[in-house]
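Two complexes come next, and they have one chain in common, chain A, joined by chain B in the first and chain C in the second.
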Partner chain A sequence: MNRRTWIHAWLMLLPAFVFLIAFTHLPAVTTLIDSFWTTGKGRRAAVFTGLGNYRKMLEDPIFIKAMVNSAVYAAITIPASILLSLAMALLVHRSFRGVSLMRMAFFTPTVLPLIAVANIWLFFYAPGFGLIDQIRLVVGLPSANYVGQPDTALYAVAAVTIWKEAGFFMIFFLAALQTIPQSLREAAAIEGCGRWTFFRLVTLPLIMPTTLFVSVNAVINAFRLVDHVFVMTKGGPDSATMLLLYYIFETGFRFWDTAYAAALTVVLIAILSVVGIGQFFLADRRVHYK
Partner chain B sequence: MIGETLFDRVLIRGGGALLAFVWILPLLYAIWAAFHPAAFEARFDLTAPLTLDNFASAWSQAPFARYFLNTILLVTMILVAQLVLCTLAAFAFARLEFPGKTILFTLILMQLLVMPDILLVENYKTMRALGLVDTIIAIGLPYFASGFAIFLLRQTFMTIPRELDDAARVEGCSLLGLLWRVYVPLGKPAMLAFGLVSVSHHWNNFLWPLIITNSVETRPLTVGLSIFATTDSGTAWAVINAATLMTSAPLLLGFLLFQRQFVQSFMRAGIK
Partner chain C sequence: MQTGQAQIQIENVSRLFGSTAALDDVSVSLRKGEFSVLLGPSGCGKSTLLRLIAGLDAQTSGAIRIGGADVGGKAPSLRELSMVFQSYALFPHLTVLENIVFGLRVRGVAKAERMKRLDTVAAMMGLSQLLARKPSELSGGQQQRVALARAVISERPICLMDEPLSNLDAKLRADMRVELRAIQQALGLTVVYVTHDQIEAMTMADRIIVMNAGRIEQVGTPEEVYARPATVFTAGFIGTPPMNLFPVALFGGRHGVPPGTGKHLVGLRPEDLFLAETGPEAELRGVEYLGADRLVSARLGGTDFILRLPASAAPPPARFALGWAPERQSLFDAASGQRLAGFDFASPSPTKKDFTHETA
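And then the complex of A and B:
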């Protein structure tokens, strides 16, 4: 009797697991194995090199540049998009004329393809006739080439990411805010509790699980969202916007050095795992669950 | 609201309106540029003449009809596969007891961190081994088993009262019958929510399709647009903007028409 339930359960899981293992777990394992070999070229077969690919990384200036860029990119986009999305949610979590229009404005970037909107942003940044430059000229500032300058290109790309993500995260905060009972608000009002105090002592602890969920997603996206780099900068100028995932793409599919690309992927997986798991355990204690 | 002065209100509303304007600006600009002649792409003159020429020339310069068909085939195929595979798996996790349950569920959750999106090189090798490079099915295969969908549906199925199971069993319902007659109908809102998230995600997905496709017959819209819209190809801004609007239009229209459901779906998908 029980055995039959087991078999039924396993049969129901089988199709999903075939795909899951074939395209997620198995490739993750073979990536790790491949990273210890060299790339076979033509008649020259791949040979075992141990940590050779990883040693190569330490001497690869573009890899180091990509790691630094990814760190900066994450350090900008994660807090900025979380704070902005929380502010947006607090803004539209009330009723006034035009609130649905405002909510729509914030959410629109979520449904637009990043690859498509990158073109529009490219125009905003365009030196001379772009929107930002037109404003600069009116104010009397000199023309600036945000995407073409190594010292501003990464920030220009990060701005697009923040724009894309904030509205998406807002939805989750909005959902969390709606679960806060009105009675708490009334009680606080009777106690003469200020808005800021209410936010700090009631709202913030209650939305902590959402904040955790959003920040895990923000971390993952900080390493995953590179579509606009293809349109805006292609990693340039002078590797200024080279991000880890974009570098994996270039190594694997432009230079066809698949073994080195595998080693780079292992680094990316390691970062995601450490950050994801670490965040979960660290934040676990401070999260207020029902 | 507690202790809100008129000054606060003006400040908050004003700041909010400004923020909202910045957020909608790229879309407004794309609409402006797409519907006006190229001469007005950087000149904002309200008397500028309207035109549809940009759309016509974008449509004739690249096989967008084919790209649209490819994308529609792709998102439909992925969604159907995801719903079938993940409903079955979610039901097993939510209602059945079997050895290995915890380990298998952990394997599912791992996919939330290590997504197929980053395993490009190995997945490409797999597709080459299967002889599937440059096919629409190869774009979809890695996403068929979605850890996110299994997790979401499991959460939903777990809230369904067990009394319904027993009632259905008494009526002589088989396990699959139970799933089909009780769980699928009650899980519909969650499936709709996941459906909207999945369709918009895969409509917009770019990197993996870029790698695995290399012909007009398989390329989805995002990849087609990226090839069409490289600025050094000499295509006019206005035409690029028209193409950009065209590729985003179906999702955008869907979003405007079903704004409530869209927002609620994303909310529902996010509550864990």
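And then the complex of A and C:
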């Protein structure tokens, strides 16, 4: 290629490059650099502390709590939303009366903003008159405050995530199921292969690429989706629903300890990278790509 | 295995899709150890009939018996049959080996037995070197063999095949025809084979079931179907080019053709026509040279027809007298399209088939 074409090519790339660098790459690098400095104050400029911010984390009980909470939250929401979405996909991957209505119903939570979803669930959980409490009262159980109790709040928040995510993942599983040719099912039926055996020996391996894709997304979302925490609990009660990303937000934009927030962000990105890459390497051997 | 005994009986079977009948009151019996071919154009109901036999679909009315027992409502796996699909239906994530023994595995056949049978079948199909491959790493012909191996290893007496050769190229298809027939003969399988390709039907079948618009037009050996088509449809469907049909008025009164006014049709194969000294005068329209012979298009009294002449003979002049082999003529009722068997010559001399120049 001659010089002119090169210049042309770079000029064409420039607008996208400017935005990408300004809003993605530069902040990422600055975050990494900031995490090795203290937060600058009016009286005292930022000083280099090396791994100081990271050392601080190990002694920060709220950070430890946030890490534990995030781990529990991920351990619940990832498998639960994947299993639920697969079950829903299998349910609507057939033809019966009202199947499109059912698919739509399953998908609706995806369309709703998470803020709105959180408000709906706040009503479900509301002690005394909420949906769940009304059912509890009918069957004779005492009123419960799921969101307000430290021992149940995290699970209450996790339930909202599962409800919100399963419908979205279902679409991917449904698409995957529909690429499995009907003749495979018929060939298996002639061989005397039952439904469960077919699912285990054929369906499951064939949708593995989708399962991998969905699980990577589920992992990212488990750390990324915290909108409902803002609406429902604000990390409380007593940090019971303090998730890593919410803690970063609080540290950075409520307490304005931006350097510590930057260090926390680096930790979050490190976790996501390790898990994401690990998933690919682990699963790659077991995934059949067409 | 002796042949002759009815293995699969189809009794007054209909299959409606909504208000349209894919199969309309079909009855036929397929014999044990025979290669039966369901032949017909697209949409004639042949695949539907195969799926009913397999149990992948249920008939609207009528009964299907396999080995004498009514299989209505019986699951496909309990019908003691295997099936080869048009798309081969191989499991893409399993190796050739796993594909072949899939059925034995889900039926809980012991591993030693599985491997023993696999060795035999893989050797028979020439797959021994390919057992570790995935279907995507195989050619079309090899995939076809795997599908066939999967059917053979089941050791079930009936094998259903749904256009198994239609995805192969012409050369491979010709080889597979011979091979399929050899396997069927060697194992004494009762094969029900669906195709729209008459060459496949003619070369492999013991018995051809010609179907059209959800009905059976004719059941017979390839010779019978070719030489003595039971209906105008069969006459026009079998043979390339198909049988010529002349209004009886053109030939009336000669060679046992009843003098008529056009209520009957005289059917003659292109190779049963020749240039004669005397006869009805035909007008030459064109000549197609095929190497071994020439296909001559001509017109006789408003009816276009084709005759086959050896290429060694000189092409016919612009106008020529048409002669024909009367013992090979077929007479049809023009209104019903049915063969008028009363006019058949007593001893049918089977026409020599020659498919060498036909396109597959």
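Quick notes on this structure:
The rule is short, and it goes like this: the second predicted complex is superposed on the first by the 276 of 290 C-alpha atoms of A that agree within 3 Å, B and C clash if a C-alpha of one lies under 4 Å from a C-alpha of the other, contacts with A are read in each partner's own complex, and residues count from 1 in each chain.
Note that in this section a contact is a pair of C-beta atoms (placed from the backbone, for glycine too) under 8 Å apart; a residue touches a chain by one contact, two chains touch by 3 or more.
Being a predicted model, the structure only gives us computed values, none of them experimental.
Chain B and chain C, once both complexes are superposed via chain A, fit side by side. In the superposed model, A:V202 makes contact with chain C only, not with chain B. In the superposed model, A:A45 makes contact with neither chain B nor chain C.
In the superposed model, A:S183 lies in contact with chain C only, and not with chain B.
Touch criterion met: A:R103 reaches chain B, while chain C stays clear of it. Looking at the shared chain after the overlay, A:C193 reaches both chain B and chain C. Using the contact criterion defined above for the overlaid structures, shared-chain residue A:V138 touches neither chain B nor chain C, since it reaches no partner. Of the two partners chain B and chain C, more residues of chain A are touched by B.
Once both structures are fitted on chain A, no C-alpha atom of chain B lies closer than 8 Å to one of chain C. Once the two complexes are overlaid on chain A, the chain A residues touched by chain B in the first and by chain C in the second are 188-189, 193-194.
Those residues of chain A whose C-beta lies close enough to touch chain B in the complex are 5-6, 8-10, 12-13, 15-20, 22-28, 30-31, 34, 84, 87-88, 91-92, 94, 96, 98, 100-117, 119-124, 129-131, 134, 163, 166-168, 171-172, 174-175, 185, 188-189, 193-195, 198, 209-210, 213, 220, 223-224, 226-227, 230-231, 245, 248-249, 252-253, 258, 261-262, 265, 268-269, 272-273, 276.
Of all the residues in chain B, the ones that touch chain A in their complex are 1-4, 12-13, 16-17, 19-21, 23-27, 29-30, 33, 41-42, 84-86, 88-89, 91-93, 96-99, 101, 104, 107-108, 110-111, 113-126, 141-142, 144-145, 147, 150, 175, 200, 203-204, 206-207, 210-211, 221-222, 225-226, 229-231, 237, 240-241, 244, 247-248, 251-252, 254-256, 259, 262-263, 266-268, 270-272.
Partner chain A is touched in their complex by these residues of chain C: 54-56, 75-78, 81-83, 85-87, 89, 91-93, 102-103, 106-107, 136, 150, 154. Chain contact summary for the complex, chain A toward chain C: residues 181, 183-184, 186-194, 197, 201-202, 205-206, 288, 290.
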